[in-house]
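Two complexes follow with chain A in common, the first pairing it with chain B and the second with chain C.
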Partner chain A sequence: MKNWGFKIAEPRTLDLDKADLKLYSKIVEKVPSARRCLMCGMCSATCSAANHTNFNFRLVHHKLRMGMFESLNSELDKCMLCGKCRMLCPRGVNTRAVIYNMRIVLDNMYYKNI
Partner chain B sequence: MHYHPFIIPFTAGAIILFAIIIFKFIAWYRKLDKKQRFYLRKNILTVKSIEAIKETFQEALIHRNIYKTNPLLGYMHMSLAFGWFLLIVFGKIEASLHAQTLFEEPWLAIFFRFFVRDEHKFFMSEIFPPLMDFLLLVILSGVFLAWIKRFKSSLLGMKKTTKHSKFDKIALASLWWIFPLRLLAESSTAALTGNGSFLTGTVGNLMAVLNLQNFEIYFWWAYSICLFAFFVSLPFSRYMHIPTEVVLIFLRKWGATAGEEYSGYTDFQLNACSRCGICIDVCQLNFTANIQNVQSVYFIRDTRYKHLKDEIANNCLMCGRCVEACPVGLELTVIRQQLRNKKEIAGKHYYDYAQPEQAEKKYDVVYFAGCMTHLTPSIIISMKKIFEEAGINYWFMDENKGACCGRPMRQQGFIQQSKDLISINQKLINSSGAKTLVTSCPICYKSFKEEYVLDIEIKHHSEFINELIENNKINIHNSQKSIVYHDPCELGRGCGIYEEPRNILSKVGNLKSSGFEKQNSLCCGGSLSNAIIELEDQIKIRNHALENLTTCNPDVLATACPLCKKTFVHGNKAKVMDIAEIVAENISLHNHSSKQKENNRIKTKIKL
Partner chain C sequence: MENKKSVLIIGAGPAGISAAKSLADDNVNVTVLEKEHSFGGNINNWAKLFPNFKDAAEVKSQLVQNFENNKNIKILYNKKVTELKKHNQKWIANTSDGEVFESNATILSTGFKVFDAKYKEELGYGIYPNVITSVEFERMYKDGKIHTQQGSVPKRIAFLNCVGSRDEKVGNHYCSRICCIAAVKQAIEFKELYPESEAFIFYMDIRMAGQFYEELYRKSQEKHGVVYIRGRISETSSTIDKKVQIKAEDTLAAMPLRMTVDMLVLMVGVEASETTTILSKQNNIDGPYGFAKSIDIHTADNYSNENGLFLAGSCKRPLTLTESIADGKSAAFSVIDYLKQTK
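Presenting the complex of A and B:
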């Protein structure tokens, strides 16, 4: 068979029935406006941290929704909580609170209050 | 010896009270950190102690600060505190004169009329009965006002009062009944023996008509038991503020300040809160967003009884309105910050990606716009114009790749991350060799002032522009527009910058008053410190603030904070401009290069 230089990709469907949405439901409970997100990416466009690195809040939020939070911890550490994303969000999502709460929930060991 | 079994509840209560208070004070003293103890030792034998006594008299007894809120409310507190204090002092003098020793039984002063039933026959004895009656009358008027306040607080100038816990209610009830019972007890004795004066004598005659004087001993018992109930509940209720406030005033005068961490000083502050509820009425979350359980009084209560929830500690705009209103002068925002702080993780470093670069050359002035200013580019353009017109050799530090100042992190309690950001910015600023750091954002400004270790002058752009104008570095003309100035929380209450912005604005326009000026200014609602409230509540706060700021229909609503500007702009109520923009608009160009640039700018605008 002739080699065309590419092949048919494996399907990349995510099975949401199997996804772990515990974290997402926890976050939504604390920040109900997170449901309103329509993934427009305004937050990532204005991000201060994105000037320096490939931090992308839209991606972080997307991964959270899909239950893929293995790598989120180190990713979230890049955020400076400056709050610009919140000012621009056209859907009024409290993006800053989403990150704040994700940090607390993911890193509960350290960030428990006194 | 003067003795009757009914003194037992009083004496037992007093012993328990003093034991608990002393125990608590020692425990808190041991929790003070080294710096606080150092100041305490250093200043204890100086004139500061005398100042503290004066302040104790003014605040703990006269309650001067509450008079500022409402005169009637002030009188209520003064009559109870100062009246009771004098009643104790004169009671003690009377008893000592009678017993002719300074060390008579401690309960004699309290139950004097019962034990000394004859006509007073000692030095100056005829003065005391009317004096004590007068003081009792003053206190009773205070109690009467307190009753009224419970039923209709608005008569005493408070829209909302504190919702009390059970222990507080027990203490409150016993306090309410102490003085009416004293009146009844003394009057019944007066009816039997005739040792009363204008108040107790008259009430005694009335009681004699109703044949109540035979219940004398029960009244005295009830009085003593009421005192017992009050004394025992005091250390666990809001009335712990009575002894603690005095100690706090002394500690404050001696130079103790609340540090970054929870310490014994915080304990003193927590317990000095009287839960008067004055902070409720000034809280914007209360009167606009109708959030009722997060105000400083509840936050302090929950912290003191150790059931503080994260949602309550974090649900605060940190605008500082309650700090200005607090009659005890508690550092409420600082305490809240202490409770928000999270533990540090040893050895962990953040923001490796934002390695500090070096400034390319040496400059006179560093300009740090701040993250939020990048959302309002008009401020940046205006600042550039002003810098160029004044001919300043400046460096725009975060033009392309800025790191955050670290304050938003700190406000959420991530101290370690904040410190990492601070060290990045610090290295950058120091490398520029500049003498002045100018920032457009009050949040950054406060951070630079309080948390950074910098060897240069830090200025907010309103201060900087004001100086340029005073030194005739730039010339401005008056546009005759009417302007209302909104004090940003962090700049006004946070850093005490009130005059400079007003000074500038009165030169470029017609400055009008909004009624919410300086310490009483409102928060725009966009505060970064609150990670709990959602957009809906923010909008309520913003609209309320906008409405009140634009009552006189100004041409321009001026502010000095990009965050306030951005928040208000969405309200579509008035034209919102930053001070820098207004100045840049009314600048008279002299500098040749800046003139040319301005012309080019206009040309490109026309082309577009």
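Presenting the complex of A and C:
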């Protein structure tokens, strides 16, 4: 059959029926304060890594909450674990522990399978 | 015998009842006209109240404490006022059953009604079986069980804020103020009944502008794991097994979102009641959106432009129960002041 060069684009809709929300509950188990997040963006506003990269902790956290963790591994490497975000969080979320535990959980899922 | 002044109060909701009590305590003759067969107005739609989960029926009975001993108060039921006019320094009210009431001063405490969710056709209320309003949720909770039309407990429930509020498409630009906190309250109640189920709240802003509201919001996240999604639901559809499919945008991730829930609760907003609009227009004191207009929101909020016609409660704008009760008392003070001046 002739290839006309057309493709069907993958749907980019976030489908909460299929999303895996268990991973996030694992992190919340370790860092219960994460549940309190308001998504205000103070963490990403003060982030020292965000000055030089497109790292956005608020978005990373949100994506994990919604079960979108495919692209998060490379994102997490941008964080230097300096903890500045934690000093500002108005809801007392232990943001550094969130990143730290995300790395552990995601490492176990991905890196070991490579 | 002294010639006692008489005051007519239209509406026996929280504001009207509070005003009546304060006036009667000051030895004024009060007649309250209520269109329903019971007092309490919109309190009757609530099982428990935010932010402290107090029993609504308890508040209702507290409002009329010691009323039976008070000879100054008369509450008349099934009296719908259709016409209110000033005549020779007296206020004349006509009811639908042909009765006429005369008074020295009248308080309008005709309250609000909830937005009719059928106007937001895209949300499927009245079309799909498991799309309900927050008022219906409250009624179910009063009966002790939240259930779908099929009779099962929802494994997933979603609440949608701002239905009929902050929406140019239905002509309501304003915020109804009580729905955000009501959604938080209902989500907590749902999770307390069914901890294994999931609860989602769709919102544009979470407006927790009251004492202990923010704390309740925090508790809903921390203790009950209620999930908040910033984005308004654009449309719903029904699946073959009578679930509700939702389309929205997750605006925090800038991605379109889709999900299926067993039940969708529409947090319906506050609108001026019919009687509020009709009586306000008759006396040229109608403000935006059919609410009644006070002279000055800061300093003369219980006064209308008509001498001797006073305003109390949510006939002016969306108010919480707490505010309505306080406003009723405040209106009574304005009326007492007025009666003294008019002799």
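In this section, the second predicted complex is superposed on the first by the 93 of 114 C-alpha atoms of A that agree within 3 Å, B and C clash if a C-alpha of one lies under 4 Å from a C-alpha of the other, contacts with A are read in each partner's own complex, and residues count from 1 in each chain.
Basically, a residue touches a chain if its C-beta (ideal position, glycine included) is under 8 Å from a C-beta of that chain, and two chains touch if they have at least 3 such contacts.
Keep in mind it's a predicted model, so treat the numbers as computed, not measured.
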| item | value |
| --- | --- |
| Partners on chain A (chain B, chain C) - clash or fit | fit |
| First (chain B), second (chain C), both or neither touched by A:Met80 | first |
| Which superposed partner A:Pro32 touches (first chain B, second chain C, both, neither) | both |
| Which superposed partner A:Met66 touches (first chain B, second chain C, both, neither) | second |
| Per-residue contact with chain A, leading partner among chain C and chain B | B |
| Touching partner for A:Arg96 - first (chain B), second (chain C), both, neither | first |
| Touching partner for A:Arg12 - first (chain B), second (chain C), both, neither | second |
| Closest approach of chain C to chain B (Cα atoms, Å) | 13 |
| Overlap of chain C and chain B interfaces on chain A (superposed complexes) | 32 |
| Interfacial residue positions of chain A with respect to chain B in the complex | 31-33, 46, 48, 51-53, 77-78, 80-84, 87-88, 92-94, 96-97, 100-101, 103-104, 110-114 |
| In the complex with chain A, residue positions of chain C that touch it | 218, 221-222, 225, 227, 230, 250, 252-253, 255-260 |
| Contact footprint of chain A on chain B as seen in their complex | 262, 308, 310, 313, 339-343, 345, 350-351, 353-354, 371-372, 374-375, 400-404, 406, 408-409, 412-414, 417, 421, 526, 528, 531-532, 534-536, 563, 566-567 |
| In the complex with chain C, residue positions of chain A that touch it | 12-17, 28, 32, 35-37, 39, 58-59, 62-63, 65-66, 68, 91 |
